[in-house]
Structures are given as C-alpha cells and as structure tokens.
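Two complexes are shown next, each including chain A; its partner changes from chain B in the first to chain C in the second.
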Partner chain A sequence: MNGFDFKYLLEVFPIIIRALPVTIVISIFSMAFGLILGTAVTFLRRSSLVFLNKSFNLYVSFFRGTPLMVQLFIFFFGLPQIIPVLSKVNAFYASILVLSINASAYISEVIKATIDAVDRGQLEAALSLGMTKFQAMERVVLPQAFKIALLPLGNTFISLIQGTAITFMIGLKDIMGVSKVSAASSYRFLEAYLAVGIIYWILTLIVTRLINYLSYKLSKGGVI
Partner chain B sequence: MKKIILLLAVLAALFGAVVFIGASFTSESTGENTLVIGMSGGYKPYTFTDESGNLVGFEVDTWEEIGKRIGKNIEFQTADFSGLFGLLDSGKIDTISNQITVNENRLEKYDFSKPYVYYGAQLVVAAGNDEIVDLGTLKGKKVGVSLGSNYEEMIKTFDTEGLIEVITYESYQGSLQDVALGRIEAVLNDRLAGMTAIEESGLELKLAGEPVEMLFNAFPFAKGNEVVIDEVNEAIEAMYADGTFEEISLKWFPVNITDN
Partner chain C sequence: MIELKNFKKSFGELEVLKGIDLSIQKGEIISIIGASGSGKSTLLRLINALEQADDGVMTLNGKTYEMHTLKEKDKRAIRKQASMVFQNYNLFKHKTALENVMEGLIVDGMAKKEAVVIATELLTDVGLLDKLSSYPSQLSGGQQQRVGIARAMALKPEIILFDEPTSALDPELVGEVLETIKQLATHETTLIVVTHEMKFAREISDRIVFMDAGAISAEGSTEEIFNHSNPRLKAFLGL
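On to the complex of A and B.
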C-alpha cells in the first residue's frame, strides 16, 4: 500500500473506456423506452377508468418505491423460477427492460406534474376551438409540458446512467464491472474507482450541457 | 394521426436497433457444443484480468484444457460473485468456476463434478496481530467473509453462541483492505488466495495460525446434467493422471493446489 499510483490511474482509463459503449447504449435505449412508456403510463393514470388509473398508480408507486437492484434481481433471477422462458432473456436486454420500466415510473411523475403545471385555460381554449381532447393534448398541452419537463427529465437520465452501475451483478460488463475487476486484480481500489467516477462525471457533464442547450433552444420559442 | 404513425415508426426503429446492438454486445453462442463458465473475474490468481484487460488465471487455464479434452467450446461469463449462483439457477451459465467449495446445502441443490482443488480455510490478520490464531480466538472480534461464500457457514457452525461478528464483503480484496485499515480484525478465506494476496498487494497482513479446516472445491452444475458432468470428470481424471493439473497449478501458485 504505497500511496497513490498515478501511472496506474492512467493505465486503467483506456481499459475501462472500452466498456463505455455498453453503459452508453444501455442508458440511451432505456431513456428512450422510458420516455415513451412513461408518457403512456401518465395518460393511463389520468384515465377516468378507475381500474386503469389505480393499477398504473400502483405501477409507479412500486417502481419508485423499490431499489433498482431489487427490481433487476427479481426480474433476472427471481421470475425465471416461475416463468422459465424468462431465463432466455440475456443480461443486456434484461438491463434495458428493467431500467426502462424503472425510469418510466420517474418520468411519469415528471410528466404528470408538468401537465398539471400547464395552465388549464390552455386546454379549455383549445377545446373551445373545436379540437378533440387528443388534439388539444398533442398540439397545445404536451409541447408546453415537455418544455417544463426538460430539466427534471435530464435529472432522470443522469440517475439512469448512474443506475447502470449495478448491471455487473447480472454479468453485463459495463464500465463499473470492468473497474471492479481491475481493482480486484491490481489492488488499486482508489485509482480504479476514481477513474470510473471521473468517467461517470464526464458523462453527466455532457448530458447537462445537452439539456441546457435544448432548454435554451426551447426558451426561444422552438418546440421539440 | 401522422404523429402516432411517426411514434410507432420511432418505436419500431428503437426495438430494431436494440435487438441489433444487443446481438453484438452479447456473444450469444449458445450452441450445443458450448459450455458457458461463470466466474467473478475478481479473484486473483484464480480468475482476474491482466494489464490489457484479458481474463486469465487458474480457472481460465483449467477450463480451456477441459474444453480441449471434451471437444467443446468454452465461453467465460464474468459477473459479481453474488450473482453467479443466480446465473447458474436461471440457466445462463452451465457451471461456476470460482473455487466453489462442496458443502451439504449446495449438494442438495446442485450436482458437483469431481473436486479439482484441495485447500485449507485460512484466517488472515494484520501483520502486528498475534492474538488471533484460530476460530476460538476470534470471539468478540469482527471477521470478514465473501458474500455467498462457504466461510460464513463455517464460522456459524463453530460459533453457536454468536460471539463472532461476521461481516460480508462483495469482494475478497475489499475485505483484506479493511483488515489492513483496521475496520475488521480478520478475514477467513482460502489459504492460497490469502498467501498470494499478501505477497502481491503489499498490505501489512499475515496468515494467522494453521488452516482452520480442510476442504475441496468442484464445479456445480444444475441437476440433470449427468452427461456433461461425466465428460468433465473424465477430463479432470485425465488431467490428474498426466500431470496437467500440477502444471497449471504451479503456473499460478508456488505449490500444487490440486494435490489431494
């Protein structure tokens, strides 16, 4: 144990970065599916059918109320006990599936709050112009809601990226998995985890920049 | 309406992309003739990565040799140790090669191959600690074990009054680090891994007393894999007979750990 090995820190970077595509791909796909799923769930929760809104409120409550790791273990190790065909799902797809569902619960909360934040008069005005409820939502309310939602959705994305750090538990070699293995082989814990920490940090900074840029564009009157 | 079609198109494209990319990330060669071997990749010198990130170690060499002898492709799947048995149960790997000790609980659930490593469980303590020499002197102390490993059970069996505080770790190296840092007093693990770790890490540690118990390790398979187990057993016996096991062992350790 002789202090900080700067040389090892530099050596371990390229090794960890080789696993970066896994982390990035999983994060981006999970966010994309999470957004679509989360938006759909929000509408189902706003449905006037009691059965629908109750069950999707339960859905959101469960996936926000339990740790991501628990959800991943239940899906990957637990469910195949009763549904054997699920054991065919490999770690890559299982990670995307669980992360998407988990993210969709948070995203649904964000979208629900931002729809509520759009002044009700907007919806009423759109309806009075003869739009259907769907048109009013799609053309008037949602574009405004997404503008408000952008920053909190950016936060969800950042949490999602960092959430991928647990996927080595089920055998996916992401940047966290590679740094765990590197740390164990070299006994250089500080250096290996510092390196992976810096990589996550840089990813977060890039996402933050991107979100700020989009938000700036939107503030000038553009729509997505 | 246009937007809905657009949304569906985007969704379809996403699914397509995920399936396409997924295929390139996961080397799914689950052909008839492939055995998938699970290991932690973080248990030096059994399974670890070299400077350029390749998986190497005693377990890797052992399986490459077994694969050659039984004429099957060998594929290695690394995962956190705590996830390995889950991968085995859900059929994602065929067996675990990570110094899995045969014990009664495991025998109930899995079929084991013939043992390939014989060893002693060993306590590792800080270099200046002369107080701890066996399980008896551990009373009132904190001892680290690896999560999902056999050592916790070993301590529980001995320590029926619950006087020893067992701390579980995800990583073996992490537990040694904590002994060196003084967070716990000892670690119970495999004697040879302990010797290697002390030598290589430069941590101020030493072996405490004699081995606690003699044990043997083998490869666990899900029940109902008699054919594969027979093939693997045959290879193991042949590797003992022609000295291959001794050779692999001496490549990674100062002594022959496969010696019965």
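On to the complex of A and C.
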C-alpha cells in the first residue's frame, strides 16, 4: 500500500466528478441566496431604526465570527433539540441554508463598503432628478457598487465553493464526501484527497477566469 | 415666482446661513457671488432639499413649503421644478451621455423611445450629438458639464440651480460651459448661478446677490453691484 498509485489517482477522478453537480449546485444556490440576503441585510444595517441596525450588525458579527462548521453543526445537530421540525430538513437543504446565511454576512460587509465607496454626488444627482431614495439606490448607487464589489464578491464565492467541503460532515455526498469514502475504502488517502484538491483548484481557476472576464466587460462602463 | 424666507442652516456650531430672504421672478437670471464659505452653495443645496434647512419657508409656483419639515414627496416635487447642475458634474458613471439625460425622464414615467428623442435633442443643443454613447470617463470636463446641463434641462424645470458649474474645469474648458449657460439664458427658465466668474456674472445676470458670512450683504443689478459702496463687496471684487 505504500508509494504513489498513479493509476488509482486516474481511476478515482471520474468517481469524484460524479458528485460535482452537488458541489456546484450548493455553491451557486448559496451564492445567489447569499447575495439577496446580504443586500437586504446591508440595508437593514443602514436603517435609522436602532433596533434593526443593531440586530443585523450582531447577525453579521456572529456569522463572520464563528466557523462555518460550527454554524452547520448548530443548525443540523443542535437546533432540532428545541425546534423538532428542523430534524426533517435534509443535509442538502441544510447546507444551502447555512452556507447562504454565512455568505450573506461576508457579502453584506462587501456591499456596505462599496456603497460607501460610491461617490455621494451620484446619490445627490439621482435625488435631484426627482428619484425616490429607492430608485436612486436601485438605478444609480447599487449598479455602481456591484461593479466595485465584483472582485471581492468573487473571492467570497471562491471561499464559499471551498466551504462546501465541510458539508460531508453532515452526510452530504459532495465531492469531498465521495473522496473521503473512496479514500477510506481503498486506503489510498493521498491519491483520493489529491484528486479532490485538484478538482477544487480547477473550479477556482474557472471561477477566477469568469470573474476577470466580467470585470473586464464592466470596466468598459468606466466605473472600475 | 420663487420666494425664500428666513433660510437658516448650521453645521454643528457653525452658522452657515443666518436667515436668507430672496425673491426671484420667473425667467430672471441671478448670480450669487461671494467668498468661499459664505454659504452660497449651501443655499442652493437647501433650495434643492439636498440639505435639510433648520428653518425657512419657500414659495415655489404658488405652493409653500416649510423647509425644515419637508416630506420625501415634497422634496421630489421641489426637485422636479428646480434641477441642479453640480460643480463636479456628478454624471452617472455607469451610463452613457444619452442615458444620463434620459434618466430623469424615465423615472418620471416617460416611454424610453420618447426619452431618447428628447435627450438626443438636448445633447444636440449643447453640441454633443457625436458623444451620445460616450461614458462620462470618455468625456472632457467641459463636455461632462454640458451633459450635466442637458440632464438638468430634460426635466423642463422652472429653475436651474448651478453650483459653481465651472470651478472644477481646466481654464480652457470654462468658455464652452459658460457659452452653454448663456444659450439657456435666452430661454424662459429661471437660472440661479453660484459662480466665481465675475465677467460672466456681469454679462448674463439680471441681478447679482453678494453673500458674506452667511447673509446677503448686497444685491442689485450688475451696474449697482459693480458700483456698490459696500466695502466688503468692493474688496471681494478687487475694486
């Protein structure tokens, strides 16, 4: 069993790749929900109602301040103790939910900073054209903020993809889960984990390419 | 047609406006001059409700507004009648020149097609027909400011407020913007221009208001202002 079995490495790739849709679906859904939730949370944090902004600052502080794995365990193993109905949520949905909430905290930090980075004159010009505050945000400030936010949000997405690796701990058969099973049954730990590492790496490279392409496209608008 | 009564504003301890009264006729062209920090820009920003006044009443087109308790609806009503041209242009950076001018029309509910026609016409008026699809970053300061003027005109406001429209420009670009404003001066629109361009103020104004330390220290026709005995005004004009 010693030494490096190159043949096994090649054999285990297709096995792990079969689970790739799980990882990709969880990543994309969590990012999408995270963006919506993170944007909403940002506005709640900017609310003039002290109760709201304090609560959601606490929300961001907690979800950035505790490990993703702890959050996943609290939700999946802990909360059903006091809310029994949660025990019916399967690992797939639980993962998306927890990853979305976790991502929303990071995304909110990014969006908050980029809204502040958009020149105040842009908001004033929008208002002075008779826009409501909502219209000014939607039509002028947010589109510019998202352009500035694109690169940091790309980093959040990459962290999120890699964060999905811990969902195997609640029994999900994502690429990490499958590679762990393969490793355990073949005792070829190095090959199996190397294979899954390479797959994560390639995923990250693809996403990086995509983000760079988007940011190049958007830079033509002259904002970034 | 627009009347300001007792406009007051402080930032913390600093009293920026000490109770401004000003009444302006329809179509009148007013220049507001004065040293930096005398409250000129703040006055414009209070009129446009970009800053909340501490006190003051404004009558605009027969409707009276309590400026320190404006509701969002009132602010929008005021802004649609009084457009602002900013010192730093503040064009929407992610939109083309054409889209910048269309924006106010579209949020006001106009169909896109119609807005394109009007915006194209206005940009032609300010000499930028060949720049319709340029982004602000691709335009010179003078061109950006002319787009800013077209954008303000698009709403067909009663009043256009110019907040030092040429202060951020390179000297050689000042002329084209002043020329554009002069063209406007022949229309029916009321213009309130905060400016440091004395020659320009003298040429286009029906009336000049001199502000000093948060108050109107002198006002009158260009003749009256340039022959005024007020020592502060004389010093400011370098006479």
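As a convention for this text, the second predicted complex is superposed on the first by the 220 of 224 C-alpha atoms of A that agree within 3 Å, B and C clash if a C-alpha of one lies under 4 Å from a C-alpha of the other, contacts with A are read in each partner's own complex, and residues count from 1 in each chain.
Here, contacts are C-beta pairs under 8 Å (C-beta built on N, C-alpha and C of every residue); 3 or more make two chains touch, one makes a residue touch a chain.
Small disclaimer: the values here were computed from a predicted structure and weren't measured.
Student: Label the relationship between chain B and chain C on chain A in the superposed model as either fit or clash.
Tutor: With chain A as the common anchor, chain B and chain C both fit in the superposed model.
Student: Touching A:Pro152, do we find chain B (first), chain C (second), both, or neither?
Tutor: Neither partner.
Student: In the overlay of the two complexes, what angle sits at the CA centre of chain A between those of chain B and chain C, given in steps of 10 degrees?
Tutor: It works out to roughly 170 degrees.
Student: Kindly classify A:Val22 by the partners it touches after superposition: chain B alone (first), chain C alone (second), both, or neither?
Tutor: first
Student: Output check: A:Ser87 vs chain B and chain C. Expected answer is one of first, second, both, neither. What do you get?
Tutor: In the superposed model, A:Ser87 contacts chain B only, not chain C.
Student: Which partner, once the models are overlaid, touches more of chain A's residues, chain C or chain B?
Tutor: Touching more of chain A: B.
Student: Between chain B and chain C, whom does A:Phe168 touch in the aligned arrangement: first, second, both, or neither?
Tutor: The answer is first: A:Phe168 touches chain B but not chain C.
Student: Touch check for A:Ile96: first (chain B), second (chain C), both, or neither?
Tutor: Touch status of A:Ile96: first partner only.
Student: Between chain B and chain C, whom does A:Val140 touch in the aligned arrangement: first, second, both, or neither?
Tutor: The answer is second: A:Val140 touches chain C but not chain B.
Student: Quick check: superposed on A, how many Å separate the nearest Cα atoms of chain B and chain C?
Tutor: Result, nearest C-alpha distance in the overlay: 10 Å.
Student: Which residues would you name on chain A as touching chain B in one complex and chain C in the other?
Tutor: Residues common to the chain A contacts of chain C and of chain B do not exist here, since the sets are disjoint.
Student: Give every residue of chain C touching chain A within the complex, in rising order.
Tutor: Of all residues in chain C, those touching chain A are 48, 50, 72, 75-76, 79-80, 83-84, 86, 88, 90-94, 103-104, 107-108, 135-138, 151, 155.
Student: Under the stated contact criterion, what part of chain A meets chain B in this complex?
Tutor: So the residues of chain A touching chain B come out as 1-2, 11, 15, 18, 21-22, 25, 29, 32-33, 36, 73, 76-77, 80-81, 86-87, 90-93, 96, 138, 168-171, 173, 177-178, 180-185, 187, 189.
Student: Show which residues of chain A lie in contact with chain C when the two form their complex.
Tutor: Going through chain A, the ones touching chain C are 119, 121-122, 124-133, 135, 139-140, 143-144, 147, 220-223.
Student: Under the stated contact criterion, what part of chain B meets chain A in this complex?
Tutor: For chain B paired with chain A, touching residues are 3, 7, 10-11, 14, 17-18, 21-22, 25-26, 28, 38, 40-44, 48-53, 77-80, 82-83, 86-87, 89-92, 171-174, 177, 180, 197, 200-204.
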